[in-house]
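Chain nomenclature is as follows: A, B, C and D, assigned in order of appearance, with residue numbering initiated at 1 for each chain independently.
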Amino acid sequence: MPLSSFLDDYSEGAHPHILDKLCETNLSQQKPYGDDEYSDKAKEHLRDKLQSPDAAIYFVASGTLANIISIANCLRPHEAVISASSGHILVRETGAIEAIGHKIIVVDQENGKLTPKGIQDALHKNAHYPHMAKPRLVYLSNATEVGTLYTRAELTAVSLLCRQRGLLLFVDGARLGAALSAVKNDVTLPDLVRLTDLFWIGGTKVGMLLGEAIVINNKALAEDFSFHIKQRGGLLAKGRILGVQFLEMFRSNLYFELAKHANEMAQLLSSGLTGAGYKLDAETETNQVFAILPNALIAKLQNEFQFYVWEEVPGDKAVVRLVTSWATSKEQVAAFVKRLDG
Amino acid sequence: MPLSSFLDDYSEGAHPHILDKLCETNLSQQKPYGDDEYSDKAKEHLRDKLQSPDAAIYFVASGTLANIISIANCLRPHEAVISASSGHILVRETGAIEAIGHKIIVVDQENGKLTPKGIQDALHKNAHYPHMAKPRLVYLSNATEVGTLYTRAELTAVSLLCRQRGLLLFVDGARLGAALSAVKNDVTLPDLVRLTDLFWIGGTKVGMLLGEAIVINNKALAEDFSFHIKQRGGLLAKGRILGVQFLEMFRSNLYFELAKHANEMAQLLSSGLTGAGYKLDAETETNQVFAILPNALIAKLQNEFQFYVWEEVPGDKAVVRLVTSWATSKEQVAAFVKRLDG
Amino acid sequence: MPLSSFLDDYSEGAHPHILDKLCETNLSQQKPYGDDEYSDKAKEHLRDKLQSPDAAIYFVASGTLANIISIANCLRPHEAVISASSGHILVRETGAIEAIGHKIIVVDQENGKLTPKGIQDALHKNAHYPHMAKPRLVYLSNATEVGTLYTRAELTAVSLLCRQRGLLLFVDGARLGAALSAVKNDVTLPDLVRLTDLFWIGGTKVGMLLGEAIVINNKALAEDFSFHIKQRGGLLAKGRILGVQFLEMFRSNLYFELAKHANEMAQLLSSGLTGAGYKLDAETETNQVFAILPNALIAKLQNEFQFYVWEEVPGDKAVVRLVTSWATSKEQVAAFVKRLDG
Amino acid sequence: MPLSSFLDDYSEGAHPHILDKLCETNLSQQKPYGDDEYSDKAKEHLRDKLQSPDAAIYFVASGTLANIISIANCLRPHEAVISASSGHILVRETGAIEAIGHKIIVVDQENGKLTPKGIQDALHKNAHYPHMAKPRLVYLSNATEVGTLYTRAELTAVSLLCRQRGLLLFVDGARLGAALSAVKNDVTLPDLVRLTDLFWIGGTKVGMLLGEAIVINNKALAEDFSFHIKQRGGLLAKGRILGVQFLEMFRSNLYFELAKHANEMAQLLSSGLTGAGYKLDAETETNQVFAILPNALIAKLQNEFQFYVWEEVPGDKAVVRLVTSWATSKEQVAAFVKRLDG
């Protein structure tokens, strides 16, 4: 019997409703390359939720493609990206942004987050023109790579600074669902429209087979966007498969419900861990739980469950990371918590 | 009622067996990024069909990504690609290859094909080193962009020249299924293994939702291939969705059956057209039919069918292109042919 | 004794006046990176000659750098260059433009020149958006790579088309001196300011050690230009050495006098050739002479002179190319002509 | 009267012997693009001094070009550079290395230097393949950007680690002359041949008009090097001007004498400063002096001398940087020291 996995939020396929719709629409003949009626309708629903009738929306197949395409569209060759040191583009995308020619200026992170102070320091240290690349775009992830959230106040402060200093603001939303559905969250999709130049809404990690939706709020950035999608290999012949999935996610609130479920399972897991007397290494804000467990217990748990051992801590213990998803069941969590007692 | 479409071979979703397997495997927890068990099994089946136990195989989401990643993997910055003037990378990929830094040296095509003579001329004209980029990789498509086939003898001649002149040979197989399943074809998958350095097997246009399989026969080219997939945005978190589809295609002969069906529908359409007294503009070798019809007839047909009007010809006529697919039914073809009689 | 060379116009160092000035100014302490007083003064003189008080002017070390930097500054990743098939960037710069990510759309040349018709055809054939790179900049060389000239009417027609179609016009002036000093020329520097978005004035081939001056007429293109110079390695620490040379060239009419001398030597050579009964393969418009000589004579001449044998022609003859420069003397030409008689 | 400048080591033109040779050789007709006899002879002399008869040597116009071309030649797209956080390519070249597609992995510096420990940490943190770019080349500068030296033992340790871990070692020698001529130095040119894969010898900052010599010790890296020079705009038509200068530098020991002079002037300045009772902020190892002076004194000195105020320090003082060069005279230093007394 396979181990139950808390490794990540992309271990399963898609939510069954998504598959149903793919089957249901399968034989209708549609225009290729994203000009199908499902993509059109999905964008209408999404614009409603964004409260932004004019937002330009594009669907692409992966998060790295969303980042490559968005940044390729925004920057000239001498312009650089500002990112937290934990930024996905910096540490987990194999130099994808440098491969399209752009320097990433690294800023120390605080709980996975960029701060106005960090951005200002980066601007100050990178002002020896023209011997330095010109900072032009601020990249941040919400939820962050370590599962934390930006508050509306934090995002507003970053956005304000960007506008004062002529910087574009771009948000990587690989786990935007988890962020917007978190208990502590006070950010909305319309906030993101208002505060950023462009951002993307991750589908893959919320319950789609694949697919991320790029939303462009700054009209000047929208004009030739589709060229970049095609040039970087992101234009699917059967764009319908992204359209159908996003349509199912956003014609109702399925997207948010699935994200909320994942967060709730993380809360349940957190409660189980603290209830059993173990400490968390970080507050559980979204769908990632970081807990400190004795190594002996970890070894025992690994007979039944898959998860990452994050780092050793003194006293023969370690931090483990447990990720929940739309597909995580209460039963899985309960089984895990039950084993904590020995 | 929507028009019946002969526009392309990617108007529908996927063959129902593919969808069934996606549904059936949906909830099993799998390793991400292509390390799932379905991808592993799919590659085993494919290696059997290739008769190449050691072939390195990678699945990616689109044909342009397959081309970008393969060429990025093979070339140093000063090395160039040789392509026919009709090559997809040259005329339909928005400068994707140049965007990763490589010149494409253009060779006149004959029926959409490269010839040894054309390649030799290109080598001769591009030998003024170091003032010219160094030809290093020959790119060709089979079936070609105009629906024609390379014979085994033609491919062998190109391959031999490449090896004599230190050139890599790379085959774009967006419609490889159509080629290998054509009546006139004498090329096999093991031939491609033997004759090329790398090639890819198109899934999208044969009946998958998406997915292309890159096969690397030259071991020296395989070592770091996965870095390029990730760097160019081609590594899907849920790589399983490509694995499941290719597994279904190649555990049996589904891939070839679907391609054969498309070719047969094209033959049926051809026979219907010639039977009704109309001329073809080119022999129907795969799943594309080029026919010459009176403009009045074209206008009438367009009330019920979608297809491209390719070019005007004298006598108030035009060439039309009709593409069939795995999903084209005999009924659709019959309905079209019936309308030819007026 | 070394052979007298008609191979090219960069076989010698610099005109003695240039060297004198380098020596004379050598020990003055100057700001680096082009902010020296010689560069400033050189630009003042040049702006006078351009009749363009606001032109942004930058000096770089080589023609390929001038092309790389100018094009990198002008284009976004999905935008392409239109060039004649004889364009230097296309056939003699080792894929430098593709290496910075841009496709070059090739147009058939007429006497080395682009025509409005050729450009229009290229636009027409490259309009299948977003599957094709977007034509955005027209590149042409004056004098052309085969030594011919654009007339003012021809340049005006190209410029007009560019403005109508939203294309930038960029002129490679590696041999602009030869062009502007040709007997048949009717183009002026102010014409180039008026008709192009940017162009460069070649120094190397007219009599400097090295150095090309990029002139930007379109203000929108000037803002961040210096970043590109630095990023591509074109910003010399001792920018003064370019400044001093251009100052010497343009504080008087030395630049034009040297170019005129080279053209006159070519005319003298032409006259000598036709006077001796030999035919030219092309009219001698600038400082390149193409003549048809018997192979036996060529072999004899090669005992004393260096030049390129361009191509064989029937009747045991060949076209030879003879290039003159600021340093070519009447004596050299006379010695060559004398040998024509046997 | 202009201020006497200690701003940098490239405020003047070239050493008079260099100019003499440029004048003397000016009219000889030479092959272009570096195939001239002066370049050939310069390379012979240099190979003698390197004690490396087979070293491949190339001359280019600027340090940034030397870095761009060398790294473009060495790396595939997914491969990254390791650099100290003070590395010139990282902080003063406008993203030039990223612009050709490569990530730079940053390592904390110690006195401007990379250590084996730092490199090992970088390897450890960048091993999550294929989600991270693959470290492949170690870049360091000697002298460093802050004027310090690598000892032979330090370079040997870095070299050994590189070979154990499959990394190339590349040394930026913009100020290699200053390093090799320093009192404390124990590294030789043959050491660099033995310990590195490639390195370059800076000419500009030692007394040439311009020019850097790239030395390739690893034969596998030499084969197609000249393509990269041309592709990046670094191939001068009149390559002779680099050849003549390097010939003059290396046919005798002029290169080392000029560097030694600059270092001696820095020592003289240091002694003057400490003799007058002021503290140095760092030991003076090469031709850069960092001293702590009262702000009032700084203000007074600025009436006669140009230099950079580096950073404020408590007590109404600041660190100033004073750079000497081949052209700095004892009189200039004496005049400066004299003013220290008030």
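The criterion applied here is as follows: a residue touches a chain if its C-beta (ideal position, glycine included) is under 8 Å from a C-beta of that chain, and two chains touch if they have at least 3 such contacts.
Predicted, not measured: the structure shown is a model, and the values here were computed from it.
Participant: Keeping to the contact definition above, tell me which chains border both chain A and chain B.
Facilitator: Per touch definition, common to chain A and chain B: C, D.
Participant: So, what's the distance in Å between the C-alpha centres of chain D and chain A?
Facilitator: For chain A versus chain D, the centre distance works out to 43 Å.
Participant: Go ahead and note the Å separation of the Cα centroids belonging to chain B and chain D.
Facilitator: Their C-alpha centroids are separated by 51 Å.
Participant: On a C-alpha centroid basis, what's the spacing between chain C and chain D, in Å?
Facilitator: Inter-chain centre distance comes to 33 Å.
Participant: Listing for chain A: what residues touch at least two other chains?
Facilitator: Chain A, residues with two or more chain partners: 77-78, 93-95, 99-101, 130-131, 133, 227, 230-231, 235.
Participant: Graph shape for the chains shown, where an edge means the two chains touch. Line, ring, star, complete, or other?
Facilitator: The chain contacts form a complete graph, every chain touching every other.
Participant: Taking the touch rule as given, give the residues of chain C at its contact with chain A in the complex, in rising order.
Facilitator: On the chain C side, the touching residues are 72-73, 76-78, 100-101, 129-131, 133-134, 224, 226-231, 235.
Participant: For a test of understanding, state which residues of chain D touch chain A in their complex under the given definition.
Facilitator: Chain D residues touching chain A: 77-78, 80, 91-95, 98-104, 106, 128, 130-133.
Participant: Could you pull out which chain C residues touch chain D in their complex?
Facilitator: It comes out as residues 2, 4-5, 7-8, 10-14, 16, 19, 22-23, 25-32, 61-65, 67-69, 93-96, 99-100, 204-205, 209-210, 227, 230-238, 240-241, 306, 327.
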